[in-house]
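After this come two complexes, each holding subunit A, first together with subunit B and then together with subunit C.
Then we have the complex of A and B:
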């Protein structure tokens, strides 16, 4: 049996088990909805459009923070790569960056940007950008020397070498950074909405939780899970194609 | 192979013969690398004349500066002293008409075989119809026709090296520099690739400089072999093989081939022993 099918069976079994435990009352409805009920509730909130504004806000913030993280991370990576002394100084900080709980900085962002999307995006970018910087450095480090020599043989300018040789050679590594930036942006935005916002999916989940509206809460949780799964599946498909070409 | 070549005479020369028409020359070329706390005299002084259309190989012990010599002739590296000339012009940067095949896989993994082979022509702004004609020819010549749409990751090491050779061939270089191009390949593939290389050489009439650590490869392929000393590398001998132009890998079964490799090894053994004894002391 393939790994893929085995994984599917494990997930399906767990969902069915939760469904069963909910239906026979082992897990009370006040604690958790049956998965089938979550799907019904999700369909309902999508149909009524009750949370459309929150959904739109969250995905817009995720898209902006992902784009900013990728661009800023890539540019910062290029700058750090071109300045070896700076890189030498920063590398220990980059290596231990994710040991810092970024969310502790939220009061600073509220002071700077106020409560709202700007603070949320800032936290998400802070969380995601270093993964892109690291991926950029990693990609640039791994460009085979012989490819740069080949570009020299074709008498290519520095700009053309960067665009037509170095960028494609680093692309598989950069894409790893893109994947991580997307993941960290989801985490950063939705988690920040719990504490920093009056709108968004994270805020709506917290609001529903406080009012014991389990139907809405689980529908929104399911929406996040489904979206993340779809986005990751697409990114993994692209990643597999890029990685397959990298095998030398 | 022409069996008549089996009776060819090995000519060992302390000095290289005056070439009929020097296509590329090195005069007093010296390369010194600056290390953090010292300097490393890697090469030279080297004098070399490559005759137009000659197949010249360089053999020498590891670290003797063979690849450095090639880099200088290719314009990839500048010597501290001495001069390199190609077709009468000083080498400053990569000269027009020079093609290089490296030991490492230099195919672009994100491009398929056809696009890899066409890469240099597109950069040079060659007419698309001409690109197609040259690429079709090179792909056919190197036996890559069925793999034109494949990516390098889908090919063996030997096939990828064929892609790199085809990519060099389409540029129609007048001087082909090969830096241990078959070093990573198994013996059988190396012999067959050697045949391909000879075919390419005959077809293009280009001058070829091959860097190799394999004496059999140098003996089989070359008109003339230069033997280099340990670092700093200088030429200690030149051996003319006497092969006819129309030759292939079957020459390895002739007594003459044994004579050439024996001559090369005789010189190289002394240099290799120097490195070994230096390592022990």
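Then we have the complex of A and C:
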């Protein structure tokens, strides 16, 4: 509990420090707005609804790419797990997958799908799906043998074993994959919008930067930071509960 | 060895799929593997391309060294000081999952257009994973190592270099592997958004000109570079753990 408070104090002190530096003028207004002003600007754009369309586009894309990467990653993980030969061949490639700077392929998707949601979702899925595959494989590897034996003793059917024994046993590991998929979908979608797109929060931030509209820019940046922090905190809470169940 | 053969088969399948895709959608959308390699060869023959490579490499090496030094020392401090580590860890994991692109305008406003903004952006990507992995390496080190070095009355520097460092090195290398690729990603994204030089800039200008073979040649070059550095580090790590 005291650690929680300490953390809160550390974060609050940092924000206050930035606020102070901005108010005194050490950080010029051209570079950064004071945090309190960012909040005011954010409330303003949420009230006027100026960026509602962009915000909706971005969050829809993130939701779609998260869902796609979780489902695809889970299914691909199951298939790879059931074919050991394929797994042996793929494993070195999976291990170095995240070394590939995925965004480099964004231009190729643009020529395939055009500038729009489809290529943005494609790049986010490409970024997120492998962490789900790895998490699925990891979870299936770690089902204790005693659980499968118990299922056999109870003469459970294959489907029942999968649903009642194997799925709950892998759940904590699968959730790690879900958590990473969400984070990578956020990164993939917003970064693609930022680099080259005509809609979305990332695009709106880049556009505001080019026009020196610091008010809008920092409001949107704050929106992204707050959303990611909230989503991350909730996922971590669920994760901790699942991990605790595993150790029971 | 059969493992290697399997991987080779997968790679071959991938190249065949690439070729098939190329035949399906035409060379204006996707260049064939052969075209890409030929284009890369001709690009590598020009001096201008090498200027861009060296520009990217300069930013990348500087950012990577900074992330490496900063990440490992920060990680060691946070690993040794339990309270500081516990307080910092959730903050660091949240920072890690933030799409850092949204902060790029801030970096540009602080550092101006140029190589220092790219370096700062690369460090923002690479520093946190290296810190987190180093911190966990220290925390999960078996206590018996530290006690043994105490029993043998090793001096602090002796125990640091002969006991602690070898014990945590494999974990740290995993962090460095991740930090390496994220730093590269950060530098490239920085160049793609606002830069007049470097491979990322070449990519964006190729997009605007619709030169698909150039795009794919650069993507191939970067992939090969990143994957081979990564494999080297993995190989090094395997040798360490099998000793």
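The definition used in the following text is that the second predicted complex is superposed on the first by the 246 of 248 C-alpha atoms of A that agree within 3 Å, B and C clash if a C-alpha of one lies under 4 Å from a C-alpha of the other, contacts with A are read in each partner's own complex, and residues count from 1 in each chain.
Here, a residue touches a chain if its C-beta (ideal position, glycine included) is under 8 Å from a C-beta of that chain, and two chains touch if they have at least 3 such contacts.
Note that the structure is a prediction, hence the values are computed from the model and not measured.
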Original post:
Which partner does A:146 reach: the first (subunit B), the second (subunit C), both, or neither?
Top reply: first
Subject >> Touched partner set for A:221, first subunit B, second subunit C, both or neither >> reply: second
**OP:** Decide which partner touches more residues of subunit A, taking subunit B and subunit C as the two options.
**Re:** C
Original post:
Which partner does A:183 reach: the first (subunit B), the second (subunit C), both, or neither?
Top reply: second
Original post:
In the superposed arrangement, does A:155 touch subunit B (first), subunit C (second), both or neither?
Top reply: first
Original post:
Now for A:195: first (subunit B), second (subunit C), both, or neither, which partner does it touch?
Top reply: second
**OP:** Kindly classify A:245 by the partners it touches after superposition: subunit B alone (first), subunit C alone (second), both, or neither?
**Re:** first
Original post:
Which of the two partners, first being subunit B and second being subunit C, lies in contact with A:89: first, second, both, or neither?
Top reply: second
**OP:** Across the two complexes, find the residues of subunit A that touch subunit B and also touch subunit C.
**Re:** none
Original post:
Which part of subunit C faces subunit A closely enough to touch in the complex?
Top reply: 2-3, 6-7, 9-11, 25, 28-30, 83, 86-87, 90-91, 93-94, 96-106, 108-110, 177-178, 180-181, 184-185, 188-189, 192-193, 203-204, 206-207, 210, 212, 215-216, 218-219, 222-223, 226-227, 229-231, 234
Original post:
Along subunit B, where are the residues that touch subunit A in the complex?
Top reply: 74, 76, 93-94, 98-100, 102, 104-106, 108-110, 119-120, 123-124, 151-153
**OP:** Using the touch definition up top, name the residues of subunit A that touch subunit B in the complex.
**Re:** 144-147, 149-150, 152-156, 160, 164-165, 168-169, 171, 244-248
Original post:
Which bits of subunit A are touching subunit C when the two form their complex?
Top reply: 3, 6-7, 10-11, 30-32, 85-86, 88-90, 92-93, 95-96, 98-105, 107-108, 110-112, 183, 186-187, 190-191, 194-196, 201-202, 205-206, 208-209, 217, 220-221, 224-225, 228-229, 232-233, 236
